[in-house]
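Have a look at the structure that comes next, please.
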Amino acid sequence: MPEAGSPLLLEIGLGILMLLVFFVGLFTPGEDRRRVGVLTAIGLVILFGFSWRAEAGAELFHGTFVQDELALFAKRLFFLATLIGVLASLPLRAAAFARRATEYYLAILASLLGMLVLSSARDLVLLFVAFELMSIPLYYLAGFLKREPEAVEAALKFFLIGTVSSAVLAYGLSFMYGIAGTTDVRGVAHALGAGHPMLLLGMLLALGGLGFKIAAFPFHMWVPDTYEAASTPFVAWLSVAPKAAGFVVIFRLYLEGMGDRVLYWVPAAAALATVTIIGGNLMAIPQHNVKRLLAYSGVAHIGYMLMGFAAVSANGAAMMLFYLVAYLFGNMGAFLVVEVVAQSEGSEAITAYRGLAQRSPILALCMLLFLLSLGGIPFVAGFWAKLYVFWAAAEQGLYWLVLVGAVLTVVALFYYLLVAKRMYIDAPERREPVPVAPLLAFCIFLCVLGVVVIGIYPKPLVVAALRAVGPLF
Amino acid sequence: MAPVSALSLSSFPVLSVITWSPFVGALLIMFLARRSALLVRWLAVVATAVPLVLSIAIYVAYDREAAGFQFFEDVPLVPALGINYQLGVDGLSLLMVLLTSIIIFAGAWASWTVKVRSQEFYALLLLLVTGVYGVFVSLDLFVLFLFYEIAVLPMYLLIGIWGSTGEVRPQGVFGWAFGRTGVGTKEYAAMKLTLYLLFGSAFILVGILALYVAGDSSSFSFLEMELTQFDPKLQSWVFLAFYVGFGILAGIWPLHTWSPDGHASAPTAVSMLHAGVLMKLGAYGVVRLGMGLLPDGTLQWSWLVGTIACVNIVYGALSAMAQTDLKYVIAYSSVSHMGVVMLGAATLTEVGLNGSVYQMFAHGIMTGLFFALVGLVYEKAHSREIFRMGGFARSMPGIATAFTIAGLSSLGLPATAGFVAELLTFLGAWQSSHAWWLFPAVIGAYLTAIYVLRVTKQIFWGPPSTDPHFQNLPDARGPEWAALWILVAVIVLFGIWPSLALGPVDTATMPLLNRLWVLQ
Amino acid sequence: MTLQAYLTLAAMLFCIGLFGVLTRRNTIGILLGIELMLNAVNINLVAFARFLGDVSGMIFTVFTICITVAEVALGLALVILIYRIRRTAVADHLDLLRG
Amino acid sequence: MSLESIAFWALAVVLLASALAVVLTRNLFHSVLYLALALTATAGVFLSLDAEFLAAIQLLLYAGGVVTIVVFAIVVTERLVGDRITQTSRQIAAGLGIAGALLVAILAIFRRAPLTVPRPAVSGDLTRAIGQSLLTTYVLPFELLGVLFLAALVGALYFARPDD
Amino acid sequence: MAASGNFALWAWLAPALSFVLLSLIVPLRRSGKAAAWLSIVLSAGALVAAVSAWRASVPDMARRMLWEWIPVEDGVLTSVGVLADADSTLMLILVALVSFLVQVYSLGYLADEPPASLGRYYTYQSLFAFSMMGLVLAPNFVQLFICWELVGLCSYLLIGYWYARPEAARAAVKAFWVTKAGDVGFLIGIVMLWSRTGTFDFSELFEMAQGGSDALTGLGLVMFCIYLGAAGKSAQFPFHVWLPDAMEGPTPVSALIHAATMVTAGVYLLFRTAFLFEQAPEVLAAVGWIGAFTALFAATLACVQRDIKRVLAYSTVSQLGYMMAAIGAGFASAGFLHLLTHGVFKALLFLAAGAVIHAVGTNDIFGMGGLARRMPQTFVIFLVGTLSLAGIPFFGGFFSKEEILGATWAGGLTVPFAMLVAAAFLTAFYMFRVVFVAFMGAPAGSAAHGSGPGGHDAAHAHDAPAIMTVPLWILALLAMVIGVGFARSHPEAEFVAPDWLTSLAVGAALGGIVLSAVVYALGWISPAWIFRRLAVVGDAAMERFWLDDFFALLYRRGILELARIVGWVDRYIVDGVVNVLSAWTLTLGDRLRRIQSGQAQDYVYGIALGVLLLMVWMRWPR
C-alpha cells in the first residue's frame, strides 16, 4: 500500500531485513554463520537511523495503527536496545551461536518487529497479535543453548508462564472488547466512562497479563530463572526491550485518552509498585549469582517505573520513559560487564569480581558506574530517573510511596555496594587484567556514555520524554 | 580593603573554584600521577591549599555591612524543573567553608603516610571534599542534595579499603544480629555508615520534594523558598523529615550509632573530615533548611531538638567514658559535642545559635586534631587500647601537648575555641523557653572533663607503661607537624579572638532568628 | 440463551483450565490446561461478537486460535527437547534454577 | 425450554465434563482424547452462536491439528522414555482453592453487572464479512500472523531437531 | 591615676610575653636555664609595674580599660580588660612578688632537673602568673572565670609536673576535677546572673547594687552557685580534699599556687563581689559557717599529719576558712587583709619547708629533728613564719587574724567565732609541733626514702644555697615588717572589736604553743596518751574523716559505673536495635527467596494470586 508507506517504513524495512537474514543464512555454506549477525547489526543501524527520519502523526487502518511521538520514542528505544544486544551477541563463544546464527538473529528481529507494531498498535487484535509475535521468539531464544539443561528448563518455565499469562491477557481483552463493543482502544477508553464492572474486570485481567511481561512482583517469578540460564547478551536485551514494550501497552490501554478516569488506576498501580519495589529489593539481597541479583534488582526497578504509572500524569508517564532509557543503559551495561567477567572467569558468582578494580580498573569503574546508576546516585542517569519518578509520585500526593521507594533504595544500595566491595575492597586472586572482546568493550562504552551523559545533562531526554507522552493526555 | 577585594573576588566564580578545585585535583591524581606517590601527595596538598587560600580571602572580603549571601553565582541547570546551579555564602556557610578547607588541608598532611593505593585514596578524599564544599555553598536545594550524596558515598570505599578493623564486639542481647551483620569489621562500619546516611538522605529528599511541590514558585532555589510561607502542617512534618535526615548525619541520639563504628574504623584523614566537617554538615542542614525555611516547624519542634540534644550531651559523654578504645572515645565525644551544637540551635536565641555555630567550628577543628593525633599514636604505637598505653609524654611530647590542648578545648577550657562556644550555648540555653537545658549541658561539660583528663593522664601524663613494645617510640615528624600545628593554632586563635568568627556569623543568624521571633 | 450464560460457561472453562495448569504434573498435561483456558477465551469472544452483532470478535478468535496452535507447536517441541535432555517432563523435577 | 437452550445445556455439560476429565484423568492419552471432545463441544458452542466458519476452523485446527501434534508428541516422548507416561496431579486442594476463588470472583462481578443484551438477528454472511475485514482492517495482524508462524516454526524445528 | 591602669596592664602582659616566647620558641624552652632567666626577668618587671600601679592608684577610684571580646548584634556581650583599683593592685603586688620570689627560688630547688622539663616548668610558671594577674585585674565575671579556669589548669599541670610518679598524676587530675566541680556551680551562677542583669561587668553590677535595682533582689541561688566556685578553688569543706594531695607538686609550686595565690582566688572573688553577696545575707551566713567549720576541721587534721607539707596544706585550708568566715560575717576587707598577710607568711613557710626537704630529702617531720643547729637560717625563717601564722603580736598574721575574730564576733556569728578561736589554738599547737619535732631534739637516723629531689639525710643537712635563702629572707623580713607596721598604725576597721579580743586570741595561741611544748619538746605528756583520750577524733582525723574515700567511691562506683551501664546500653540496646533491624531485613530476604521454589506451577500460582489480589484490592476502595 504505497500511501501507507511512510508510517510503516520501519516495519517494512525490518521485514526486508528479516528476509535478507533468512536467505543469507540459508545460503551460507559451512558451520560459521556469524556474518548473519553482522548483517543484522548493519541493518539495525540503518533502521535506527531511519527511525530518526520518521515523522509522527500518521494513522493507518482506521486508526488502528498510529505513528505518534510515543511510538517513535519507543521504537528508537527498541532499536537501540536491540542493536546493543546484537552487537554484544556477536562475540559469543558457544558453537550454537555460530552454527544457528540464522535462527538466533531471525528470532530477535521477529520479536523486534512485534515490539515495533505493538508500540503503535491501537487495536486490541493487533495489539494481541503483536504481543504474541514479540513473546514467542523470546521463548526459544531463552532456550537457545539447548544443550544446557538449565537453559531449556528456563525456556520451558518461561514458555508455560508466558502462555498462561497471555491466556489471562486474552481473556481480559475479550471482556474489554465485549463491553466496549469494539476492538478499538479509544472505544475502550470511552466505554470506561460508564465504569462497567466487567470492563474493569477485563482491564484488571489484562493488567495481570501485562504484569507478567513487565515482571511486576507476583508475576515476576520467571525472571530470575530465565536470566540466570539464558545467554547474557540476550538477557541484557530481554531485561529492557520487552519490558519497555509492555509499558507502552500499559500507556495505550490504561492512560491514553482516559481523561480523569485515569485516577481509577492509582490504587492498583501504587499497590503493584509498592510490592514490586519491596519484593524485588529484598529478594535481591541474598543472591550470590550476579545475574540473579540483577534480575531481582530489575524487578525492583520495574516497581520504581510503576511509581511513574501510579502518578497517572503526563509527568509520571514521561518520567517512566526517562527511567526506561536510564535503565536501558545501566542494566544492559551491567549485564555486558557480567558477560565479560564470565568469559574470563567462567563464573557468574559475585565472588568472581574479587579485586576487579586492581586487575582492570576501567572495567571495574564501568561496573561501578552502572551499579551506582541502578542505585540512583547523582551524576549518573539512574539518579535523575529515580528522582523524577519520585517527583511525579509526590505531585500525585503519594508521599508515603516516595518514602518507601527512597528507603528501599538504601536496601538496593546495600547489595550493589556488596558487589562494589568485591571489586574494590577485596584483594584479587590473580593479577592479570580481564580480557575484553572489542565489540563488548564498544557496547559497554556506549552504555557508560549513555549513563554519564544523561547523568550530567538530562534535560534533552526529559524534554523528549515529555513530548513523547504528549498525545496520551 | 574589604569592599575592594570583594569586587576583585566577585569578578570570578570564587565559590565554584573552591568547590571544584579538589575535584580537579582528584582527576589530575587519577590520570597524571600514575605511580609517583610523592606527586600524588603534592597534588593533593595543592588541591586543598587553593580552597584554603581562597576561603580565607573571601572570609576577609565578605562584606559584613551588606550581610546576606555574597559571591553569588547562578547558572540555570534544568530550567524545566527550576533547578539552578546557584551558589552563595553568608556568614554561616562562610565559616563552614573555612572549617572545611582547614580540616582537609590538615588532613592532606596528616595522611602523608598512607602507602596502600594512595592514588585512589587521595582521589576519593578530594571527591568527598568537593561534595562537602558543595553542600555548604549551594543555595539550590536540589544541587545541595546532589553534593550531599557525593559527600556521603566515597566514604564507603574510603573506610572499606583503608579503614582499620576494630575489636569485634562480644555477644550481647542481640548477639545473633551482631553475628549476622558482622559487627566490628571495617566492612560493617563502612556499610553501616553509608547506608545510615543514605537512609537519612531519603528523608531529606522527600522533604525537599515536598517543599518543591508545595512552594508556589516552582523552583528549588533556597532564596525563593525562603520567601514562601508554607502551610504549618506541612512545615511540621517536613521539619521532622529534615531533622531526622540531617540529624542522622549530625549524630543525634538514638540515630548516632553509625558514628562511633564509622569513625573508629575510618583512616585518619577520613575520620578528621567526617567527624570534623560532615557531622557539621548535618547540623548545618538542620539550621539552614530546617530553621531557615520552616519557622513554624522549628517553633513546633524546638523542644524535641533541644531535649534530644541534652540526651546527646550527657549520654555521649558517659558512653565515651565507658570506652577502652581511644578512637571510640573520640567518636563518642563527637556525639556529645554535636549535642551542644543542636542544643544551641534549639534555644532559638541569638547567643545560643551563635554558640551553636561556633561550636560547629570549634568542634570541627578540635575533633579533627583529635583524630589526627589518634592516627599518629596508632601509627607509632600500633595500639588504640587506652589502658595498655601510658606515659607517652616522655617519648612524644609534641603529640602529648597537642592532645592535651585538644582535650582542654573539648572540655571547654577558656582560651580555647571550645569555651566560647559552650559559654554562648549555656547562656542561650538558660535564656530559652526550656531553661533546664542548661543543667544537662553543664554536667555534660563536666563529664567531658572527667573522661578527657582520664584518658590524657592514662596515655600521656602518667607513669610510663611497662609494656616493652612501647619503649622509645618516636614523636611526630615532618609533615605530620603541619597538620598538628595548623589545628592547634586555629583552636587557640579562635579561643582568644572569638569576634573573628562571631562577627560574620551574627550577620547570618540574626535574620534567621528574626523570622522566627516574628512568629513567637 | 443469554450472553450471561455463555460468559459463565467460559469462565468455568477458564478456571478448569487454570486448575489443570496448576495441578497437572506432566508438562503436556499443563499444556492441555492452557488449551482449555484459551478455549474459554474463544467462547467469550465469539459470544460477545455474536451478541454485539460485530464481526471483529470473530476475527479476534481466528487469531487466537492460530496463535494457540503456534504456541502448542513450540511448547511440544520444548517438551520433547526436555525429554531428550532430562528424561522426564514432570514439572516438579525441573527445578535446577531456584531461589 | 427452547431447542437451542437444550442444545446449549447439553453442550455445556459435555464441555465442562470433558474439560474436568482432561484435568483429572490419570491416563495422558485419555485426557488428550477428552480434550478433543472438549474442543469439539466448543465447536458446537460456536455453531450455537451461528459462527460456522469458526466452528470449522476449530475442528480443523484444534480438534484436528492440535490433538494430532499432542498425540505425536506423546508417542515420541514415550519412545524416548521407553515406558508409558502416567499423569498425576499435585496440590489439588490449593489449585482448587485458587481456581475456585477466581471463579467466584469473576461470577460475583457477573452478578453485580448482568448483561441483558438482546441477541440480534444474524445479518448477512459472517464468513464473508470475516474474510473481507481480514484483508482490509486486519491485514496488518494477518501479515504479522504469518511472521509469527514462521518464527514459531523455526523455533519448533530448532528445538525438535535431534542433531547438533 | 590613669597610669595605674597602664602599669597594671604592663604587669599583666609581662608574664604573657614570657609565656608566648617560651611556648613558641621551642629551642629556647628546651634550653632550661635561659628560659628560667627570661621568665624571672620578666616577672621582676611585672613586680615593678605592679608596685607602681599600686602607688599610682587612689582609693575608691577604679581605672578601667576594656576591649570588646564577644560581640552581639546590639553592642558587646562581654569584653576583656583591666580594672585597676587599690585592692586589685595590692593583690597584684602579692602575686607578682611571690611568683617572682618563687621563680628565683625554684632555680635552686629544681637545679638538677633536665633542661627541657625545667623549661616546661617556667613556661607553666609564666602562664600561671599571667592568668593569676588576669584574674586579679578582671573587670567582669567572664574574664575572671577565664583566668579562674586557667590558673586551675596551671595548678593541674604543675601538680602533675613529676607525672612519672603515679601519686602526682593522680593528684593533678583530682585537683582539677574537684575544683572543676565547684566551677560548674560558678558557671551556672554567672549564666543565671547574666540572664537576670544582662551584664557581666563588675562596675555596672556595682552601680545596680548601689541603685538598688530590683534585678538584684533574691539573688540567693545565684550567689550560692557562684560561692560554690569559690569554695572549690579555696578548698572549703567539703571541696578541700584536693589541696593536701596537691602537695605532690614541687614545693615552690605549693608555695605559690596552693598557699599564696591561687587558692585565695576564691576569697578574692567573694571580696570582689561582696556587694552582690550582701544582696543575699543567707548565703553570706552559710559562707561564714562553712568557713569557720573548715578552719577548725582542717586544723584538727593538721595536728595528725607527719608530712610537713601536708601540715602546711591543712593549715592553708584552715586559714582560708578564716578568711571566708570574715567575709561571711560581712566584713570582706578583713578577710582580704588576712589573705595578703597569709600570702606572705604561708609562702615563706612553704619555701622554708622546701629548703628543709631539699636538704633532708624527706617530708616526714619524724625523719628530721635537730635541724635548728644544722640549718640555722632556715630555722629562724621558719620560726618567723610559724609565729606569724600562730598569730603572735608583732608578726604578720597577728593583726589580720584578730581582725577576723573581731569581724565574726561583730557579725554576730557567735558559734563560728568560738570555732575560730579553737582553730587558733590548734594552729599554734600543730605549727609548734612541727617546729619542735623537726628542728629541736635529736636528729633522727638517716631518712628512709626521699621523695623530694636529692637523697640526703638529716644528719648532714645544711642550709640551702643563697639563691634559695635570699627569697626566704625577703619574705621573712616582709612578714616582720607587716607585723610591726600594723602594730604601729592600725588601719581603722569598720567595726568595733571587744577589748578582750586581743588577749583571747593571744591566749589561745600561747596555749597552743605551751601544749605542744609540753608534749613534743619536754615530753611530759606522750602524744599517744592524748590520742587515747581523743581516740574518736584521732582515728577519724587519721582517716581524713573518710572524705577522700567517699569521693573516690563516688567516682568509681558512681560515675564510672553509670558510664559502664550507659556504654552497655548504647552498644547492645541502641545499636543492637539497628543491627536487629538490618539482620531482619537480611533474613526476610532469605525467607522471601524461598517462594522462588523453581517449580513452574508455583510461578503460575503467583500469577493467579496476583490477579486475584488485584481484583480484591481494587474492589476495596469503593
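As written, the chains take the letters A, B, C, D and E, and residue 1 is the first residue of each chain.
Throughout what follows, contacts are C-beta pairs under 8 Å (C-beta built on N, C-alpha and C of every residue); 3 or more make two chains touch, one makes a residue touch a chain.
Since the model is a prediction, treat every value here as computed from it, not as a measurement.
Looking at subunit B and subunit C, the chains in contact with each of them are A, E.
Chain pair with the most C-beta contact pairs: C-D.
Centroid distances from subunit E, each centroid being the mean of CA atoms, peak for D. One simple way to say how far apart two chains are is to compare their mean CA positions; for subunit A and subunit E this gives 79 Å. Centre-to-centre, using mean CA coordinates, subunit D is 103 Å away from subunit E. The distance from the centre of subunit C to the centre of subunit E, each centre being the mean of the chain's C-alpha atoms, comes to 97 Å. Centroid to centroid, with C-alpha atoms defining each point, subunit C and subunit D lie 7 Å apart. Annotation for subunit D: residues 90-91, 94, 98-99, 102, 106, 109-110, 115, 137-138, 141, 145, 148, 152, 155, 158-159 touch two or more other chains. Within subunit A, the positions touching two or more other chains are listed as 125, 129, 132, 136, 139-140, 143, 146, 156-157, 160, 164, 168, 201, 224-225, 286-287.
Multi-chain contact residues of subunit E (touching two or more other chains): 586, 593, 596, 598, 600-601, 604-605, 608-609, 611, 615.
Inter-chain contacts occur between A-B, A-C, A-D, A-E, B-E, C-D, C-E, D-E.
Chain contact summary for the complex, subunit B toward subunit E: residues 169, 172-174, 176-178, 180-181, 183, 192, 196, 253-254, 257, 261, 315, 318-319, 321-323, 350-351, 354, 391, 393-394, 397, 408, 413-415, 419-420, 423-424, 426-427, 430-431, 438-439, 442-443, 445-447, 449-451, 453-454, 457, 461-464, 498-499, 502-503, 506, 510. Interface of subunit E with subunit C (complex): residues 593, 596-601, 604-605, 608. Within the complex formed with subunit D, the residues of subunit E that make contact are 601, 605, 608-609, 611-612, 615-616. Residues 1-9, 11-20, 22-26, 28-29, 31-33, 35-36, 39, 42-43, 46-47, 49-53, 55-56, 58-59, 61-63, 65-74, 76-81, 83-84, 87-89, 92 of subunit C are the ones touching subunit D in the complex.
Interface of subunit B with subunit A (complex): residues 78-81, 145-146, 149-150, 153, 156-157, 160-161, 187, 191, 194-195, 198-199, 202-203, 205-206, 209-210, 212-213.
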